[in-house]
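Structures incoming, each one as structure tokens.
Both complexes shown next keep chain A, but they swap its partner, so chain B is in the first and chain C is in the second.
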Partner chain A sequence: MNSRIATIASNTFREAVRDRVLYNLIAFAVLLSGAAILVGQISIDIEKLVVINLGLTAVSLFGVVIAIFVGIGLVSKEIEKRTLYTVLSRPVRRWEFIVGKFFGLAGTLVVNAFFMAIGVFAALLYVAHKFQKPDGWVLVALYFIILQFLIICSLALLFSSFSSPLLSAVFAFSLFVIGTFSEDLRNFAGMATGLTKWLATAVAYLIPNFSALNVISSVAHGQPVSGQLIVYNTLYALLYATMALCGAILIFQRRNLK
Partner chain B sequence: MNRSRQVTIVASVLLITCLAGSAFLLSLMDRLRTGATLEDVLFVSSPKAVKRMSLGYDGLLADIYWTRAVQYFGGRHVERASHFRLLAPLLAITTTLDPHLVVAYQFGANFLSPAPPNGAGMPDKAIELVEYGIRNNPDDWKLYYELGFIYYIDTKNYGRAADAFARGSKVPNAHPFLKVMAAQMAQHAGDTQMARALWTTTYQSSQDKQIRGNAIAHLRAIQVEEDVTALEELVGQYGQKTGQLPRSMSDLVAAGLLRAIPVDPTGRPYKLTPQGRVEVQVPDDILFIEKGAPPGYKPPEPKNLENLAK
Partner chain C sequence: MGFWRKRPKCALRPLHLNVEEGEIFGFLGPNGAGKTTTLKMLMGLVFPTGGSARILGMDINDSTVKAQIGFLPEQPYFYDYLTARELLEYYGRLSGVVGKDLSGRVEKVLGRVGLPDVGGVQLRKFSKGMLQRVGIAQAILHEPKVVFFDEPMSGLDPMGRREVRDLMEQLKAEGKTVFFSTHILSDAEALCDRVAVIHLGELRAVGAVADLTSGVQGKVEIIWEGTSVPASVKALGAECHITGDTVRAVLPEQSQDLALDVLRRERLRLVSLVPVRTTLEQYFVEKLKRSEKTVGSLA
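Then we have the complex of A and B:
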């Protein structure tokens, strides 16, 4: 990574921290510790399951919300405050600005997820008293969640590069919801005929596939995740994020900032 | 006191007062609309629709629905309700959201199968639930055991029970007792030995204190049933020998029919009524008894079963 991208990324990270984005960790800690203590008293035999399911769902949802709401403002806020002109008047290319912003936001989310992961494992230790071998799959689920963040960050940046913050949020969130149904959409495409089939297939392959990145439920039961899926998901997330980032760069390159 | 401090104090006092006032009003409204606030409602009854709405976070939602099912059953059970309308749909949603949540099949079937007030009295739904669980978790022997248990205890279908135990005994790492139960079912179907074996396995295969306590309570009830049957037989023999009923257990000891005064599982001596019936002294302390309680006896609400497991 060149130094200009690294500088923009670190400034984006610092800005997010200054904006108190990491305060969500407090809500997360309260949620998880509350669940760990309470569930044993109001349910039967699912303390460990709840800690994993709730912990990983919270890591995912908190991260998605941060990725969308911080991501959509990354470009528009700089234009609004006119700080973008100061940045671009220096020897910084527009694509470097977009890539730097992406890494800054992704870094914020990784740090956030790291602290939450510590919380999940601490709560797990509290309810189960010891770690077991299958608990290691929780790390794979966390890795998939981070891959999910990369895709959402890139999409938020893509929408932010040509649209208003409000519309960007709507687009990004809609795509997140549709992405969770991507497998259903592919099934639907398989059942359709003619033009509908082509359209549905095209849409199914264009939208991000978040369902394959969600293994929370299976790791909660200690079920293993295949190495092949890990490789495919990694490649898929990198390709998709790069694709969306390229789109953002192409649009931002041509955008009239006057 | 400066102006800013005054504002802080007034605002703080107002905040606390308004909070307390709103909480008080809410409690008044709850009392006014008890039916409305406490009514059990299932807003979305389709398990598939709930799964779609979970946006992939179905594991957490399954945990929430399972907790809801436990709370619903517990609440209705405490009220000694005669119907559990939402129990089966809640369990169906739970297991559709997470088909690998074995605990929901095991305990859910235990909630559904027994007759009210101990359960919902829906053994067919319980069998359906466990069969669905087996289809999704074919290698979990506990589900076959649960199925055999329902067939044996609640529907008295011993053939089906034997079949369920036999299927379960073929699963890798199955409890060795399943094979024994499958084999013995044909010979001993319907006798208390079989029921004792089933409850013993339930006790041994669960770590949950409530479940273990429930198993102990049933084992104690079986013990009382066997004791009372045997003792009443002795009372009959005494009557045939002497032409009159014994006045107390001591008469049976004196006649050489008993070695000592028999005691129930709580350690209290059994008592003999003038009509020759054998009864426990404090039936409230031995749950689920069918024999050994006074005529017309109504059992109390089972409480603190987990204390028995300690």
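Then we have the complex of A and C:
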């Protein structure tokens, strides 16, 4: 990473920390410790299942909300407040600014997910008293959640490069919801005929496939995740995020900063 | 047009301008004249529909030229979660200044803009004038060869304005080129080697302040002893004021000989005759009035 990208990324991370974005960890900790104590009392033999499901879903949702609401303001806020003027009047290329912002937000989300993961494992230890080998798959589920964050960050940046923050948030959140049901959309495309089939197939391939990145339920049941899926998901997420970032850069390169 | 995209507005007509190395160049014009748009184009923030510009002989799109320029935008706003020191370090790194050199320069520049003791204070606690000083600090931190200031005196008190004027003179003495836009004409008059006047996106005049103002119709002030103004002097278009037993008249330069003839004829004792110097402000107002008339007659 070149030094200008690293400088912009570290400043983006610092902004998130000072804007108290990581305070969400407190809400997460309260939610998870409360849930762990509660399920320990009301569920029989499925405490681990409930804690993993609840914990990983919370990690995912908290992260997605941060990715969208911080991501949509990354470019538009800098334009609106004109802080971008003094950055781009230096030897900083526009693509470096976008990439730096992306890494800054992605870094924030990884750090956030790391602390949340510690919380999930602590809750797991509390209800199960010891770790077992299948608990290791929770790490894979967390890795897939981080891949989801990368895609959402890049999409938020893409929308932020041409749209208002409100519309960007609507677009990004809609894509997240539709992407979560992308498997159903593919099934629908398989059953449909004619123009509907073509349209449904095109949409199914265009929207991010978040359902393939969601292995929370199977991991909670102690089922392993195949190595092939890990490789495919990694390549898919990196490719999708790169494409969305390239789109953001292409739009931002031509944008007049009035 | 109009629904998907905003109607394009011609902010700047062809602008041919050369700024010499090492000079302080003032870019003058009323609000909406195109000063900020010109600066934004030079900084690569907005793209011109045509034409080219070069700084230090390099095309403005060449990113290496940007390491050698400093820019202060109009009414600057900075990341308010950072301290002044952190902000300057951030900008320094983006300009390629690193390590001990960076921390040394940050302290030096904070002192230079009159903020030596507030480096550790978050910018959200800064007044408008202090932010303007931080803005100037970030523009000169990396020791650029050319500095662009957009309304640098805006938001500053008289002391602050004086300090910025001194700083600009220091920059010139260090061999740097200073290009600044302003609508405060007294600042331009006091500082600039040359100025350009822009109005409605069009360049109206370029030159040294003295050369520009000498072209304006001059006036003279005549004072004589007496308690009344002869009618023939009034007829020359003189503005007259009687104070005690002296009369002060200001009239066009070309009427000066006729007025003196009248005073001699009337046997009035002349006290003084002084040419009234044309200020840049007078020049500016006259120039803009003329250009508005031209636009009006064309319309």
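Note that the second predicted complex is superposed on the first by the 258 of 258 C-alpha atoms of A that agree within 3 Å, B and C clash if a C-alpha of one lies under 4 Å from a C-alpha of the other, contacts with A are read in each partner's own complex, and residues count from 1 in each chain.
Following the convention adopted for this analysis, a contact is a pair of C-beta atoms (placed from the backbone, for glycine too) under 8 Å apart; a residue touches a chain by one contact, two chains touch by 3 or more.
This one's a predicted model, so the numbers in the text were calculated from it and none came from an experiment.
When the two structures are aligned on the shared chain, A:V110 is found in touch with neither chain B nor chain C. Shared-chain residue A:N11: touches chain C; no touch with chain B. With both structures placed on the common chain, the touch criterion links A:L229 to neither chain B nor chain C. In the superposed pair of complexes, A:I42 makes contact with chain B only, with no contact to chain C. Of the two partner chains placed by superposition, only chain C is touched by A:R90; chain B is not. In the superposition on chain A, A:S211 makes contact with chain B only, while chain C stays out of contact range. Touch criterion not met for A:A29: it reaches neither chain B nor chain C.
In the superposition on chain A, A:L54 makes contact with chain B only, while chain C stays out of contact range. Contacts of chain A with chain B, set against its contacts with chain C after fitting on chain A, share not one residue. By the touch rule above, chain A contacts chain C in their complex via residues 3-4, 7-8, 11, 14-15, 18-19, 81-93, 254, 256-258. Those residues of chain B lying in contact with chain A across their complex are 52, 55-60, 62-63, 66-67, 70-71, 98, 100-101, 103, 107, 208, 210.
Those residues of chain C lying in contact with chain A across their complex are 40, 43-47, 63-64, 66-67, 69-71, 73, 75-79, 81-82, 90-91, 93-96, 98, 135, 138-139, 148. Chain contact summary for the complex, chain A toward chain B: residues 39, 42-46, 49-50, 52-54, 57, 60-61, 177, 180-181, 184, 210-211, 214, 216-218, 220-221, 223.
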